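Below you'll find a set of structures to go through.
Shared between the two complexes below is chain A, which has chain B as its partner in the first and chain C in the second.
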Partner chain A sequence: MTSRAARHEARTALLLLSPALVLLLLLRIIPAGVAVVESFYTSVPGSVIPPKWVGWQNYLDLFEDPGFWDSVYRTLLFAGLVNPLTMLFALFLAWLLTRNVMFTGMWRTLAFLPTALPLMGTTVVFGVLLRPEGVVNNLLTLVYLPTSGWFTDVNGALAALVILSTWTAVGYWMIFLIAAIRDVPQDYYDAAMLDGAGEWRQFINVTLPLIQRQLLFVLTASTVWNFILYAPISALTKGGPQGSSNFLMYDIITRYYALSSPGAALAEMTLLFVLMGATVWLQFSLLNRMRSAP
Partner chain B sequence: MAAIQSAEPYAQRAVTRRIVLHRRQLRRVLATSVALLISLLFAVPFIWLVASAFRPVSETFQANVDIWTFIPRTWTLENFTSAFSRGFAVNLFNSFWVTGMSAVVGTLLAILAAFPLAVMRFPGRSWLFVVVVFAFMIPFEVVALPLTTVFTQLGLANTLTALIVPGLVHGLAIFNLRQFFLSIPREQLEAALLDGASWWRILFQIYLPLVRPAVIGSAMILAMAQWNAWLWPSLIITNNSKQTGAVAIGLSDSAYTQDYGLAFAEVFILALIPALLIFFGQRSFTRSLSHSGGK
Partner chain C sequence: MTASAKISASILVGLFFTATTATAAAIPAVESLKAPEKPLTLNYYGGAIPAERANKIIAAFEKQYPTIKISYHAVPFNSYNETLGARFAQGDVDIFDIDQPQSASYAVRGWEADLTDAFAAKRHLIDPPALKESTINGKLLNLPYQIGTTFLYYNKKVLKQIGVSFPSNKAGEAPTWEWVEATARKAVAEKAAPYGITFSTPDMYYYIQPLAESLGAGTGVKGDNQLTPDINNAGWVKALSWYGKLYADGLAPRGVRETALAFANGDSAFFYGGIWNSPVITKNASLDFGITTAPKFDGGRDATTSGGWALGISALASPEKQQAAALFLNWYLFGENGGFVSADPETENVPTTDATRAVFWKNPTYADPRLSGLQDILTWQAQHSARIRPQTVGGAEFTQLVGAAIADITNGADAKKTLDTTNAKLKAVWRKYQ
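Showing the complex of A and B:
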């Protein structure tokens, strides 16, 4: 009797899961497999010449290409700047907007607004605002801060993309962290206050340890999102100036379409995926070590 | 806490309380001003966008920054009329259709996947959970390139179906619902099973009504991803009458002869709809996600 019920339960579960599993197979697993297989071939798109098996050649070519290593470096530099900045802003805003602040709903909506803009819209807006003679430089001059050529400048382009990406994402991640902070039981704070802990100590000793799971989730999701940032680069910098924003994702699409070498592009895609996985793994293990430390 | 307070002498307690109240109020004002400052920082580009959508382009590109940078001197709807006269309404409709279909069907799929992963018992459950959720956390963009060939060979290039299908599943949408299902006590389930209720009835009549905020949250995750999708539509759609709004604003861009007024108006329209949704849905969204904590 029980075993029949259990079998029925398992069958129903698989039935319910099947649409998701089919889509998983069609939209993630098979295409990923195809990408990896095709990265071992060279082919000429649109021609009758069949694709040719070249083994690891596409990968070896990439490793010998200084442009590829430059792309890796710029991608990692961008990730190393934009993700911590996004996290800090999102965490600070989430903390502030769960304090006893007037009109909380309004501030939250304002901080969340950038997420409502489609990324290409944000790109158009920042493209104009960050022109060398644009509004942002004018405002910076007004308060005696240094200006930059932004998208026309080697370091400026990276900084501009960091600002654009941070501005877009902070509100979204903030919502997740607000939800996490709200979930921390009030008793913990009461206990900390009895011990004489101030706001800062409460944040470090109560809030932070209790939301670290969601923090880790937001960090990895943000990292993955920034690794595949494409629209602003394609519309504003085209990887320039001097390759300073030629991130891997942009380089891959360029190789695939503009340079018509799908094999090399898919090899690079595979490497980007490995890089992504390694970064996320590193984040997990670093944070786990922090947790086990006293 | 009450016990400690009552141990203090009455007068002293009143004084301490007044000081604490005073300090708390001061802190509240301080925190509010910081919140105002940062939120303004976020709002400035948005305000500028709204102003630019409602004024002639020539005013947008004035040399100096003053109050008129953020408020139109002359209000006009010409940007909107030129947007709609170049067929933006079609792109907008495509966006609505693609987003709506993905959100509705996708939410249903997410419910069907999250329920067994959270509630039912079967061999390999935790393993399947990891595979399903993490595989879908991989952004679709990563596998988009080889799929363009497949979709083209299936004759799906330049169809809205090609846009809807990849947006049907989102790891976060499943994860969100699963966490919510987990928080429902099992006693109800066992009672229903004893009554001989089928799994479908348990899902749709007992569990689903209890997780309404999570359903809204997951629908919003799916909808936002589709509304803003850019790379995939720009790869698979070459015919502008099948393109979504988010990509169409990029299409009017040809580096030198760009009509910025038009672009601003289109961006404004595209932002307005989710902004309204967020404004009214903010509460249920945060409440829903607060259960994704994984405790």
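Showing the complex of A and C:
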């Protein structure tokens, strides 16, 4: 009886999930498979010339291209800076806005606003604010702080993109973490308080361990999101100056369209996929280790 | 067979395919063509002008040829080649706008029908540099209808303030870049203007090519098949070192894209741009400015930008549609009363024939006395100093990589090192065509 019920439940689940599964297959898995297959071919985009099978050549060419390795390095550097920063700010805001502060709703709305605005709009505003003679540099000069060429400077461009990406994402991830913090039962805090734990101790010993799963989700999703960031780079830096913001996703699209090398671009996309998978796997295993630690 | 040999073979097959397609679909002389008896609809993919203006032009054509209907599809410039590629793959392109330097690259993709016979009796009416840019291996592959030529705007108030006399507005009497630099330096030093000089699009090959050409450095591409990069030769390094120094010394602004507006606001002593910038600049009625022929380096030769939009006919369209399309192209450039120009008085680029130009110059914008000399300067430049861009199948890659190099140089990268790297990158991405 039990197994029949289980089978029935499984069938129902499959039935209900099938539209989503079909869409997943059609829109994600099959195109990804086609892209991987095409990475073994070379062709001229849009051409009447048929694609040619070249085996691993596209991959070997990439491995020999210093520009590709530079791109991998810049992508990892960007990911290493932007994801922890986004997490920290989102967590801090979520913690702050679950305290009993005045006008909580208004603060939350304000913190979420950059996410609600279209990314291109924010990008354009950042482009104007961070001009060499723009508002930000003028303000920095007023308070005697060093200025930067931002999008025209090798280090400035990376810093500006980290700030832009963090700015637009923090509000979004904050919402998840607010929900997570609100789910922590009040009893734990009461017990901690009875043991004499202050705000900081409560946060470290109660809140953090109990929102680990949501933190992992935020970290993973943020990592994936930042690995495929394209629009701000296309609008503001075009991968420059001197390749400093030529992250893999931008490089892939440039190779495909501007450099007319779809095969090489799709090989690079496959490698990006592997890199993303490895990074996410690393995040999962680190967190599992943290969880199993005494 | 190695991978690169296989790719070369495929390109050769493609070229052969292009040649045979073009031969099979040779369009007869337009003079012998008649409008179809039954209504026929052609798909026109364009990127040169906004859809409403294109539709006005089409309406004027359809009035004369009621059996030919043209359905216009506007394509954004930023994704022009990709979108067109996708449309060709679907097989629904009959007529298309083509950015001239892409002529060779579209040809290798097998998109362009051969127009040599169709316009054999009329092509001599087109300005020679424009015609040359549309002719690949002796075949006319598209019909150039406008030329984008740049010249120099200068702020009279600024020059007066620093005691520098105005340059000549006579066609062909070009100032030198050395004079422009010295004047710009003086203007900035004496705080007469925040910027000494601004460029219409600071990091596009198109605008910078004349600097190197003026030094005799060529287009940056050499070889019979135009697939040997030569962007790091001494002339190019010298030209771009000079250009980079303008930015390093604070004479030209880094990171400013609305350069025409900066000049219009009186923030720049000079502006190197085109006639398409004039509506923005003349809008400021209180701006006292003049124009002069595009500068050249001291001892160098006159060199100005060239190339613009052209019209192509799909090699994949049926002969019936190709012939109807040829009638459209013929009306567009050679039609009575200046063809497309009379239907689109807002045309902001100089057209490529005397007849179209005669109508073009009637536009009241160009009668602004501050633009005095414009007509003679542009006509002279189009016919004497226009340097065409490389006619290479690797045009798309070239534009992208050289543009990125110029951007890096304006932002402080060493010109020699950057151009060496770019040359190596071009060699690598063009290997597939060798």
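The working rule: the second predicted complex is superposed on the first by the 281 of 294 C-alpha atoms of A that agree within 3 Å, B and C clash if a C-alpha of one lies under 4 Å from a C-alpha of the other, contacts with A are read in each partner's own complex, and residues count from 1 in each chain.
The criterion applied here is as follows: contacts are C-beta pairs under 8 Å (C-beta built on N, C-alpha and C of every residue); 3 or more make two chains touch, one makes a residue touch a chain.
Predicted model only: the values in this text are computed from it and were never measured.
When the two structures are aligned on the shared chain, A:133 is found in touch with chain B and with chain C.
By the document's definition of touching, of the two partners only chain B reaches A:24; chain C does not. With both structures placed on the common chain, the touch criterion links A:62 to neither chain B nor chain C.
Judged by the number of chain A residues each one touches, B leads among chain B and chain C. In the superposed model, A:254 lies in contact with chain C only, and not with chain B.
Touch criterion met: A:47 reaches chain C, while chain B stays clear of it. Contact with neither chain B nor chain C is seen for A:79 once the two complexes are overlaid on the shared chain.
In the overlay built on the shared chain, the residue A:10 is in contact with chain B alone; chain C does not reach it.
In the superposed model, A:206 makes contact with neither chain B nor chain C. Shared interface residues of chain A (contacting chain B in one complex, chain C in the other): 133.
The part of chain C that touches chain A in the complex is made up of residues 3, 6-7, 9-11, 13-14, 17-18, 21, 79, 81-82, 84-86, 88-89, 105, 108-111, 253-256, 316, 394, 396-397, 399-401, 403-404, 407-408, 410-413, 418, 425, 428-429, 432.
Partner chain C is touched in their complex by these residues of chain A: 42, 44-50, 52-55, 57, 61, 65, 67, 131-133, 149-153, 238-242, 254, 257-261.
Within the complex formed with chain A, the residues of chain B that make contact are 1, 4, 24, 27-28, 31-32, 34-36, 38-40, 42-43, 45-46, 48-49, 60, 63-65, 69, 109-110, 112-113, 115-117, 120-123, 125, 128, 131-132, 135-147, 150, 165-166, 168-169, 172, 174, 199, 203, 224, 227-228, 230-231, 245-247, 249-250, 253, 260, 263-264, 266-267, 270-271, 274-275, 278-279, 282, 285-295.
Of all residues in chain A, only 6, 9-10, 12-14, 16-17, 19-21, 23-24, 27-29, 31-32, 34-35, 38, 93, 96-97, 99-126, 128-129, 133, 135, 138-139, 142, 167, 170-171, 175-176, 178-180, 182-183, 190, 194, 211, 213-214, 221, 224-225, 228, 230-231, 235, 249, 252-253, 256, 262, 265-266, 269, 272-273, 276 touch chain B in the complex they form.
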